[in-house]
């Protein structure tokens, strides 16, 4: 489902955020990506979304080779991916409802489905009563849950979640993690970037650890590796 | 592209206008200002041209004949020329009466003193006005070339002054209208660009979620066209009522002005103004949003 | 307020111009456009007025006398009037020569035929031009009231046409200049407002960290003034060179135009244009940034 | 140092974010504020900063009564407070160095001190080499550390930190918490909003727990209370 072949990402400023990364994630896998601040996790996610183009190496997602993909095809891959951004990236002049509905409009879901699925998704993340609010009227955690709802509403093939519980309390965090696990059980590939040691250690999933842009460990049923 | 997506784009475009009210108002304000300026200036120029026209018509050429001239033939040769606007025959008697009226305090007495001996006996003439005074010198040469014409009298100085003024105003107003259009296009696309650039983060987010360029862009285009439409309708209405008001004011108070030239009818002015104004407003709204979004769609 | 803070505000203002380049360019572009338009229009109006002046000077009044008139006295009474621009005495002989020259093909022969019997014996006259043709009717009445004046000849129609044209142009250009100024002020403050509103989040952050209003605002003011300065200097330079170029072009190619009226000297135009342009550009940059920041400082 | 007397905050949208809150925090205290997503923690911080005005009740900070304070005096209180915002709120068109230096410029620190203290502060949060970067060129955790540096550089009397470790890995989180504890030991009043159960439980400080805008618990040397 996801392949990175010898991928290096050097930003125009000169920072090498990822270095010779080789990763293969199969369809249906649940993977944690961990690593200290600035180790390249967000860069990893942004490369998979083709928000960034690597300076070197080959990336393949859902059968599309990013080195050869045509500009017009990029939306097609992205529609197979549900993404939770570290800084949420909600559309600030649209309500909670419209933010989630937007993901469905993009894939041209008929309106009658949108009207049913969006409230259902908002109920799952506990924001059913806030559908009319604008992002600026929400707490940090509430915004994060809208972002999660938006990523999940289309039932995508792949979920990329960058620190999806950074602004959530333990109870909410666990609910989201369980939700992701359920979705994964139904066949969706899930990649979660997180700093939450407790969750990583408890869930016993594959854990990829980055350090200064290098994969220093990639273990099935692994745990959170503290830096020395 | 489903029907529902098109419908969505339309609604979203209208919503955007409300949600980015500051920018919408700024854009509309800019368009209104520019096109209002354009309209006012255009109205002034059109009227000025019409005023120049009536000034030109006060400039006439007098043609005097040889004693044996065939006046009928000359008249036919001259009045059929297309440069000619008005054409009158003034007999020697009329000329003498006019001259004596102009010159003497008691013209009858003077005329009686001269008796039948009309001092201007040879002064029968044609009085001609031209459609375009700048052609006067050339036309005078044509007249002088006709057999039977003894003398052509014209005030080349006044004609030159007026026609050069005309030329100057023509160039100047063409220049200003051109600059105005250029400036309007620049200012309007400036505001459109800023309005969209401010939302480039939003555009990026939409693209990252998987929206096609068309899907992102359509609401912006609707927005641009609607803003352009509003922005060009307002100055049209403003110019219409302002012109009407000025006309009424001038006709009422400055009768001196209206005695001498006719204001151009509102209908004639708007025949040109409406399409041009709408084309600029809506055109830039449309093209501006297409061009500016393009830049931000490469995500 | 320490010296270092003032110095910081100054540097920061300049930095902001570079860092918000899109807005800086948009603002400068807007100011340049508006003031350029204003400059061009002003130059045209000033020159047009000067052209009208020379047209007016081609309109003269002729004054004829009673036989027993004291021409010296009349001359003294008339030429000292302040309405008078030029004043000439034309003797009966000159008038007859001019008339025969204008009228006959072979004037000498004609004059010989009349011999000493000047048909226009009573036609000695003053030829007068006025500083302001619109005063003609009134001045003619004054002349007619003088003892010794037999007849005053003037083309009231031409004078009226020109003076009403003058009036019309005067009102129209005053109106347009006023509207142009209004529009410029609106458009420029529009851009300044948007440029600052876009940064209202930044202003809020500064305030939350404990910055005083002055501290937040000072760089914006520096920014506004510098942008205003650049934005008003450019159109001044543009108008200067454009005027120069047009002058050269016109003098070279359209000698007809220059034969008839003098273009207004660049210096005279800029005496007015420089202070007004700078005042608008810098003034709005300054006031605009003060007023717009105020709104966002209430945090 | 900080007093809230019967404070209620109702947003214009109708949401009651805080309800009849009575809290007194003494000079030199270290207080955790916890509670689930949307319970009113950020609202609590924003009220103390006078970013918001309560619909009811009295707030006093550093001797200033917010109900009576004159507009011109607000900057004076704020300069006594160092604040870390949940969403960082860095000045996006200024570099890391300038963001931190800005806090010092505000209190008119002489330039020679700024040139010494800013790099020192950046070294403490581990960003000494990123001083020339703009916020958009930083990872989430790096931005958060810049926000922390800005809050601490003036050695304020009060520190308000809203979720200061939400984007940080466990190691960095602990470093920041230890830093705050050190500063607190020197007499600074510290209020930390957090979801980090492990840290709250380990540090044994006063813990105020909010639930739907109501203070449901306020314990010296307390722990994280999981919602039932």
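Order of writing sets the labels: A, B, C and D. Residues in every chain begin at 1.
The criterion applied here is as follows: a residue touches a chain if its C-beta (ideal position, glycine included) is under 8 Å from a C-beta of that chain, and two chains touch if they have at least 3 such contacts.
Because the structure is predicted, anything quoted here is derived from the model rather than measured.
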| item | value |
| --- | --- |
| Number of steps on the shortest touching-chain route linking subunit A and subunit D | 1 |
| Intersection of the contact lists for subunit A and subunit C | B, D |
| Farthest-lying chain, centroid of Cα atoms versus that of subunit A | C |
| Centre-of-Cα separation between subunit D and subunit B, whole angstrom | 66 |
| Subunit B and subunit C: spacing of chain centres that average the CA atoms, whole Å | 21 |
| For subunit C paired with subunit D, centre-to-centre distance based on mean C-alpha positions, whole Å | 62 |
| Touching two or more other chains - residue numbers and ranges from subunit A | none |
| Graph class of chain-chain contacts, one of line, ring, star, complete, other | ring |
| Pairwise chain contacts under the document criterion | A-B, A-D, B-C, C-D |
| Subunit D-facing residues of subunit A, complex | 11, 13, 15, 34-38, 41-42, 86-87, 133, 137-142, 144-145, 163, 166-173, 195, 197-198, 224, 226-227 |
| Touch list for subunit B against partner subunit A, complex | 1-2, 4-5, 8, 16, 19-20, 201-202, 205-212, 215, 299 |
| Subunit D to subunit C touching residues, read off their complex | 49, 51, 75-79, 81, 83, 89-93, 102-103, 105-108, 110-111, 150 |
| List of subunit B residues in touch with subunit C within their complex | 22-23, 26, 29-30, 33-34, 36-37, 40-41, 44, 47-48, 51-52, 54-55, 58, 64, 66, 102-105, 114, 119-120, 122-123, 150-151, 153, 157-158, 160-165, 167-169, 172, 175-176, 179-180, 183, 186-187, 190-191, 193-194, 197-198, 254, 256-257, 259-261 |
